[in-house]
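So, here's a batch of structures to check.
In the two assemblies presented below, chain A is common to both, partnered first by chain B and then by chain C.
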Partner chain A sequence: MVAVGHRPEHRHAAAPPAPRRPRGGRLLAGLRRNRLAYLLLLPALALELLIHLVPMVTGIAVSFTQLTQFFIRRWSQAPDAGFDNYRVALDVNAPAGRALLHSFWVTCQFTVLAVGLSWLLGVSAAILMQDSFRGRGLLRTLFLVPYALPVYTAVIAWSFMFQRDNGLVNHVLVDQLHLTTDRPFWLLGGNSFAALLTVVVWRSWPFAFLALMAGLQNIPGELYEAAALDGAGVWQQIRRITMPSLRPVNQVLVLVLFLWTFNDFNTPYVLFGSSAPPDADLISIHIYQSSFVTWNFGVGSAMSVLLLAFLLLVTAGYLVLTSRRRTAHD
Partner chain B sequence: MRRPRSRAPRLCVTAASTALLLAGMTACGGPADSTSSPTTLTYWASNQGTSLDNDKQVLQPELDRFQQETGIKVNLEVVPWSDLLNRILAAATSGQGPDVLNIGNTWSASLQATGALLPMDDAVLDQFGGRDRFLQAPLAAAGAAGKPPTAVPLYSLGYGLYYNPKMFAAAGISAPPTTWDELVADGRKLTHDGQWGLAVEGASTAENAHHAFILGQQQGGSLFDANGAATFDSPQQTAAVKQYIDLMASDKIVNPSNAEYGNGTEAVKDFATRKAAMLMWQAAKTSLTANGMGSGDYGVAPIPFPANAPTGGKHVNSMVAGINLAIFGGTRNKDGALKFVKFMTNKTEQTTLNKTYGSLPPVKDAYDDPAFSTPEIKTFQQVLATTAAPLPQVPQESQFETLVGAAMKDLFADAASGRPVTTESVKAKLTQAQQQMPAPGH
Partner chain C sequence: MTDRRTAASSRSFRWTRRIGLTLLTLFTVTPLYVMVTSSVKPLQDVQSAFRWLPSRLTLRPYLDIWRTVPLARYFVNSAVVSVSATVLSVLVAVFAAYAISRYRFPGRRLFSVTVLSTQMFPGILFLLPLFLIFVSIGNSTGVILTGSRLGLILTYLTFSLPFSIWMLVGYFDGIPRDLDEAAKVDGAGPLGALFRVVIPAAVPGIVAVAVYAFMTAWGEVLFASVLTTNDTRTLAVGLRGYAAQVDVFWNQVMAASLVVSVPVVAGFLLLQRHLVAGLTAGATK
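Then we have the complex of A and B:
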């Protein structure tokens, strides 16, 4: 593979490590040297803290309190709960914990399917669109439409289509194609999982397509020509040239899709309202239901912190694993 | 690509900006910014008309009149029901909110517990004509017993059985049902060829919870025991919920599609477009008119009772429904807010607004107007005066609506997809809902 990670380390050239100097001194020297750069970064850092870290820290703090409607006005005075909220969330023998675990499994299955399908659709479309043909620009634009539409508008349109009596889906399946005589429900019961999956994949595959399409532009055409001369077929070209070259794109893409899907709140909320059917009870809407709607913010925060911890763990594990594999390849 | 290792300096910068940020935070941690001056008020109205715009058209002329009388300009925002509670919670948490707001009267005790609303003690009520000017039932649904009300009633509502006389006549039924057995029998006669006996909103947690309460009262159940602990899965409540779900599951007089109705318009539309012959609803007049139904096209009767009341059963067939008007505790214009509440509860405004919305005035002196002596209004007035009970005025009331309403939504989904709905399955769902309730006193 092409050499990455061989950036010239001008850092060393600029500042030869002074032997035996205390660490702090070197640090200060660095700060002094790049004073302007750090100063310019300061506003961005302050905003980053304000927008991301402060709410996170507040959420963690809230998860250790009994924050209910009696205290929301003076939430800093909510009584201390210790680890009680976590005990409630993690006790799988009690209904709250069991429901959370159920929702967690549903979300895991859902995320694996949604990310897998989005990626598969994205990569297939990107490869098919790689060679230029008439109408390619038009098709590319068309493919990006779901990604460009506002979430609410798109999902509410889907919810109309999934209605049992007047929805387009049942009209096509039952009235036109006569596949079943019984009009199935799509927004209730077991089918709600499939309905949600359809909408989420529909919304996220164009992003995969976009990212992979950009990745494909960077593969030199000569590689394919050389491979063709050596007698490699289309599948071999995809397997031996396209896929390895797309590895860095895929690494980021799969991670981002995973995080988006696992955390998705808008789609199920617009599709099902505040209480999702048990078969499609994604974790973010489940947490909303057990905190905002039931005014039990401490437990909701504890569940959110657990979710955050899980996502951090998965992300860290994923990055370590994929980076190590790449280093081995290099 | 390896990241350049520069963690240590970055940490320093982080520390520096944290300090900076903390300084900034204390600066904005002071008293809430003034959102209003003595000459303006912000009013959050709930959605009572056919649409948010319709509400604006109804309310704006009245607000203009208030401005002429007092010089206070009211900034109106109509908040949809799906957002109202969240908005109020956010306002309570931040201290930034409207000056005057509408609340669903079932939330009274829950919101009272937050302390975010101005208590309406006798001194305050006297400014609006005194406690005795209000009807007793609606005022009882404005806060926990023994505490000053947290709001005053603005529009009062009750549940009634809307029926279509033409469809009844075509099925050979001469009068609306008075017992549940009659309702089911009539419903069966009315269910044929794509039309159904009754329309319900099976995915609406609030509607479901209200009927669980009403039917539970008839069965002699109660939702909370004397200590305030939830008793959702008592045999009486289980029977009540099962009876309601059975209208679809075993009586089969409700279209299974109603299991996914939940936005508050679909069941009314089915009734207005003659897809269903009956509907249990509050003040449906404006919505029915908007859907093309004239006042002669429907009748209103009280919701049925059991033919033989079970032991302990109460003679209740409606909740005391309605909208209350509250003053936000954080208001910077308390005098103006009090003036506005006084204005909204005066005889003229009560007559005008309740007439438009098809609701009942909660103040006695408004009933002189002939608009409140139509048969429809008379029925509701009778229900509200004699057979309506307020939902439990306890802080956990909104949790009850959410949890039990959602459990019933799942049960309707079971019924619609042909899965059996048994006493055991109903009880299991209710037990699950009950176990998610916080213990009393928390």
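Then we have the complex of A and C:
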């Protein structure tokens, strides 16, 4: 594991102290000395600006216009809308606002469950595979396959399994286990939530597993030996040593899983197409439908901006909360 | 791993391990089993009730799928887009990572933080504005970015860029500066040091970054669905479109999915040591 051990502080320590010079001269000299650095950075900077930053600013601008398909070729001339799009998106008494709120609520429930389950499976597998046993390497490789598969092939395989008449799921539940008599639909109606959850967890738990495995390797073995000498059983060792040691990994892992799941578009899109059933109407797909299927780009952009604001708020809150708890523990 | 005989010898732990890992294996393997077995089933097997074993083995789905959907065209489009995006992304990332790793300049932190934070924003946020900007660029300069492979290449290369830069900075930092200095003493400039010393020493990291970039481009669905036309459709959009139809030849779709997945999965598993180190570096840092 080459990249794991690095910590940013080491880099700074290696930097040579800058020689003192008069202020204006120093800036110029700095520019000249770092000319090559800026040049090397230029392609990356230009691309980030073109694909990420300028579109983000444009998106915020578009959210204040009435952009429809009539203006799509000359979008800078779309009429001004003020805060109308935001009013439409947030008015819970009108259909558009109510649908957005519903989708937001579904996404929140979905994300909590998906992140929780992925983490639970990941941490279980990581702890169970902490000691070496025969077949451990093979199993580890196998568990990585869902993560390595292209999203769409994995989801297409699942959508075949969830087919009502010729899918594996109904065959097992109805024909083999006789749990129900009539074959349920999985990709329509209420069951679509469970179907989507299964697919997302199947794809994302291996990542949790990987991150937690790496975290476990940093725990010194002497800790366990000392605990064993003190008479602590396996489960006590897990609770007292393993879990506290994993806290820093968990802090980042949960945030990353949260952002991925909350923003996930690919899985529901491949599973359901551009209009998901209401019970599995995740926010990304809802916004996609509001913009590209109904051609109402102004409202779609306003919804995207609201989503971004929410994510920033949650991320900032989460970071403040977890780092405060961490300093309290130290 | 240090000896933990006390823990491992606990009976309840070993049984939990056996049962837990068996269940996880079943969960992981079932869809893979369905993919593989369905791809060698005759059509009637996948149109009637599901069966665990094929009634007879056939390789016809692997031949027929090329005629059912223009799979060859999708393949070429995906390959051109993914390979170009990968090569360019690695090149741009190597330069940027070298600058960040070896120079202390104003704006260095700002750049790193900004680039990394773009990773967390929802794709749906960029999609429409990016489309609009591509339209404007097309109108004003004549460079067609919507519906063309070029637009997709630029987009995908940027998607893998933040992570690639981050991972390569880690690799480059691990290469002693003395090596650069030695190369400079021998008369090489900073770029000479990069190409003669740093890049050769960071080959595992660069390969890992390339695989990551390729996987990102090969599997992307959202932007491809908006930025491509019939002629430039990638596998992701083409196969999804076919699988979403009413009457799907599932055996052929599974065959196609396998053909499409094998190169990526094989690459990932072969390089898993390097990739895993990089992929989890963020979470353990």
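Rule of thumb we're sticking to: the second predicted complex is superposed on the first by the 283 of 330 C-alpha atoms of A that agree within 3 Å, B and C clash if a C-alpha of one lies under 4 Å from a C-alpha of the other, contacts with A are read in each partner's own complex, and residues count from 1 in each chain.
In this section, a residue touches a chain if its C-beta (ideal position, glycine included) is under 8 Å from a C-beta of that chain, and two chains touch if they have at least 3 such contacts.
All of these numbers come straight from a predicted model, not from anything done at the bench.
Trainee: Tell me the contact category for A:Phe185 with respect to chain B and chain C: first, second, both or neither.
Mentor: After superposing on A, A:Phe185 lies in contact with chain B but is clear of chain C.
Trainee: Answer with first, second, both or neither: which of chain B and chain C does A:Asp165 touch in the superposed model?
Mentor: In the superposed model, A:Asp165 contacts both chain B and chain C.
Trainee: Per the contact definition in the header, classify A:Ala94: touching chain B only (first), chain C only (second), both, or neither.
Mentor: first
Trainee: Contact-wise, after the overlay, does A:Phe292 reach chain B, chain C, both or neither (first, second, both, neither)?
Mentor: A:Phe292: touches chain B and chain C.
Trainee: When the two structures are overlaid on chain A, which partner does A:Asp230 contact: first (chain B), second (chain C), both, or neither?
Mentor: Neither chain B nor chain C is touched by A:Asp230.
Trainee: Quick check on the superposed pair: does A:Trp75 touch chain B, chain C, both, or neither? Answer first, second, both or neither.
Mentor: both
Trainee: Determine, for the superposed model, which of the two partners chain B and chain C contacts more residues of chain A.
Mentor: The partner with more contacted residues on chain A is C.
Trainee: So in the superposed three-chain picture, is A:Thr141 touching just chain B, just chain C, both, or none of them (first/second/both/neither)?
Mentor: second
Trainee: Examine A:Gly273 and indicate which partner it touches, taking first as chain B and second as chain C; both and neither are also allowed.
Mentor: both
Trainee: Considering only touches as defined above, state whether A:Leu45 meets chain B (first), chain C (second), both or neither.
Mentor: both
Trainee: Considering each complex separately, which residues of chain A are in contact with chain B in the first and with chain C in the second?
Mentor: Of chain A, residues 4, 7, 11, 30, 34, 38, 41, 45, 50, 54, 72-73, 75, 163, 165, 273, 292 contact chain B in one complex and chain C in the other.
Trainee: Which residues of chain C touch chain A once you look at their complex with the stated criterion?
Mentor: That would be residues 1-4, 6-8, 10, 12-13, 16-17, 20-21, 24-25, 27-32, 34-35, 38, 46-51, 91-93, 95-96, 98-106, 111, 114-115, 118, 120-130, 132-133, 135-136, 139, 154-155, 157-159, 161-162, 165, 167, 170-171, 173-174, 177, 190-191, 204-205, 215, 218-222, 225-226, 235-236, 239-240, 243-244, 248, 250, 253-254, 257-258, 260-261, 264-265, 268-269, 272, 274, 276-285 of chain C.
Trainee: Under the touch definition given earlier, write down the residues of chain A that touch chain B in their complex.
Mentor: Listed in rising order, the residues of chain A that touch chain B are 4-5, 7, 11, 23, 27, 30-31, 34, 38, 41-42, 45-46, 49-50, 54, 66, 68-70, 72-73, 75, 94-96, 99, 163-165, 183, 185, 187-189, 273-275, 277-278, 289-290, 292-296.
Trainee: Chain A touches which residues of chain B in the complex?
Mentor: 1-2, 4, 6, 8-9, 12-14, 16-18, 20-21, 24-25, 82, 86, 89, 92-93, 95, 110-111, 113-116, 203, 205, 256-257, 259-260, 262, 329, 395, 398-399, 402-403, 405-406, 409-410, 413-414, 416-417, 432, 435-436, 438, 442
Trainee: Quick check: in the complex, which residue numbers of chain A touch chain C?
Mentor: Chain A reaches chain C through residues 1-4, 6-7, 10-11, 14-16, 18, 30, 34, 36-38, 40-41, 43-45, 47-48, 50-56, 58-59, 62, 72-73, 75-76, 121, 124-125, 128-133, 139, 141-154, 156-161, 163, 165-168, 170-171, 175, 202, 207, 210-211, 213-215, 217-218, 220-222, 224-225, 228, 233-235, 237, 248-249, 252-253, 256, 259, 262-263, 265-266, 269-270, 273, 284, 287-288, 291-292, 297, 300-301, 304-305, 307-308, 311, 315.
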